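Have a look at the structure below, then the notes.
Every chain is named by a letter (A, B, C and D) in the order it is written, and numbering of its residues begins at 1.
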């Protein structure tokens, strides 16, 4: 495989589709949110993206078979609303600089071909989150940005970088006259963070006028809280030990000098 | 040289050939097993693969000549059975991400051209092996997987990654309607591990209904045992020293603080 | 995006244009000087350069929108003089070896198309600067070099490397019969260094017979002095601490041995 | 610049030319030997090789101009002998894996075009040299290897890797029916090593039946001896200090434990 390819699994006419993208990244926020939406809406398989810029391993699945790392497009026919949806998520981001631009370009090729006029990308935003994580929005379209702010997202301060596919899609979409918005859930980023993903999903529900059941996500959040608590316990002990070592070292120095 | 190339050394009509692949990797399991089979079966040279993604050095041979790093295809006419064999082994895996996908693609081009319908790839699986190493199997074909399990291979748990050519060949073979199975011998992985390779060969013999003399491999295993014993001795001493150092450090701390 | 591209924003006939280039690099000297000149001369947007060799993130701007990293061409119609100017600056240099050569080649394609016969590149030159930073000049044209020396630039000693776009443009311009000169402001290089940039601008003013108000740059210099003072304070304390640690260690050794 | 290119500076008919290659590498042996031969024989400029795989900087020359890193071909009309010579040396080797294969391929394109049937590559071979450095030879041609051994070169043991252009040229020349030999001067490799280069030149003189004055090289050797002596002095002190530190540490441990 020499180039990034997209394999279509089905052909379907979509009504003013909006593309929602979320790949692994900070706190896995994009991937968790996008997968959750696709699953709850019972979105169906549309296409797969393979790339020689993905890591060079395969994953074993439950049936003892394997598959290449890939990106996956799903679609959802939104009978009640004006826009159908395409979801894009996957196993990995591209691993090289040039690969990142290439994969983002291929996603946009597919979006254009399916007549997508609006893209939502989802990611994480590193922050020491105290209570409920907030959602930061940036957009190439003042209209979209405004809708996000109405849905209680916050504007971003200037100068912030948005790294990876979630960012590049916005930057590159401009050249194709596709409006795009990026929603970033605040997260410490160390561990998969369903709490941040939930905040993003809540903003998206308001913006896109869709409704999904969030109870499954709340279960994920409960599970992750236990993990976080254990991790913090370990960190605390490590910090305590480091402090002790520093004190010892300082005493030794003051004693000798 | 700008692209991966395959130089054919001979043209031969092969009967429903099965491709068996094993390159250097964890414990050298794939390379040892594949070379051993090719040698014992007196397989003959078929083709060579050269790639600008291999390391940029040449190797000196016994006659004082040199050669590029390469992959080698051998063939064996299996007069008694239904399938002839093609073996593929070599000096190195590709050194870049894109190179890994490219080399795997070229191997599959060659397989397709030779009408290969089944591929077996061989690798190592990191594990603290106690007694006889076991063999883990994954396959894109339930039929092949079943044959491996009957030959006493174990199924893999889901989520495991299979890194490098042994994995990518399976992932990419699907696109070409070629069935493929990967056999992974359990190995600590630090040193060439003929014991793990032997386990794989034993599974393969049952699966493929071939019979090779394993006495040469037993000699290799004896030799490697001595090396492993020496290495473990060194590791033990290192660990003992590290423990002593930790104790000293702890005493010093408790003394000062 | 698979290749470096230049998007023209306007079409304009320029009179014997001189290209002045300054990208981020040592002390940000090139970028600061080039931006300053373009701003003071009220240069107008001409074109933008995008590249898959730039880092794979986008930047948030003041309006909450984002944009790809890019290079920017500006032009200035120099009514009083013989040469109009094109300025090129940007967010980043290319991140890979091959990318550096590619981006420099694309800049030269654009220069040729606009009939540029002279290029000035600006960068930093690492040195412990005491008083006013001096400017070092190298050129593929003895005539240009001479003009720079008359404008109080210093010649460079042989063997010095000039890294990145500022250097490659000179090396590659030769193949296109374009004269080029590189002006390097002396800088410690750790922090954005408007003082070094000012020295370069002063040389450029004399060479190119242009006149810009430098008072804004002096304000930048005042601000940066405070930052530098704070940084030096931190460095001093660090060095003092390191010395103390070394003394302690030496005493301990002489005591024990 | 997107690909490696060769710019011819002159067109000349050469008589059964032999290509002698030596680029920077271990102990700079190849570059020193090749440059020395070209200089002593008053070889003339033939062509230059530029590549986007070379480091991305330019070098300042004595006249205050700059130039890209490059490879240089020189030729020498050998009136008395059967073979003219082409020399190839340069500033750098390619910096990426794929770049190494590409540059070696371009050198061979040029060799083929000039009807070269024999290539000699020169490099260094890491060894703690006691007295006069010896020269190790490997060749794709038994005839050439034999000539080198008669000229007092040593055969190489099997399995040795020859890294970089000096090795790849041999490996790739085979595909073009060009005989090639590599001569490796024994060197510690840390510093430019004219002594190792001289040993190679002496072997080459015998093999190629040419005669160059070596007195200039002896001067280089004298100069380098001083540098080596100073370096060794520094190393000795460092080692002594490290030993002392280890003793102190051991005593401390035995004291506490």
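As a convention for this text, contacts are C-beta pairs under 8 Å (C-beta built on N, C-alpha and C of every residue); 3 or more make two chains touch, one makes a residue touch a chain.
Predicted model, so just to flag it, every value in this text is computed and none were measured.
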item	value
Same or different residue numbers at the chain A/chain C copy interface, by half rule	different
Centre-of-Cα separation between chain D and chain A, whole angstrom	51
Interchain centroid distance [CA atoms averaged], chain B/chain D, Å	36
Chain B residues counted as touching two or more neighbouring chains	none
Arrangement of touching chains [line / ring / star / complete / other]	ring
Complete list of chain pairs which touch one another	A-B, A-C, B-D, C-D
Residues of chain D that touch chain B when the two form their complex	97-98, 100-102, 104-105, 137-140, 142, 145, 155-164, 167-168, 170-172, 174-175, 182, 253, 256-257
Sites on chain C touched by chain A in the complex	1-2, 7, 52-68, 95-96, 99, 244-245, 247-248, 251-252
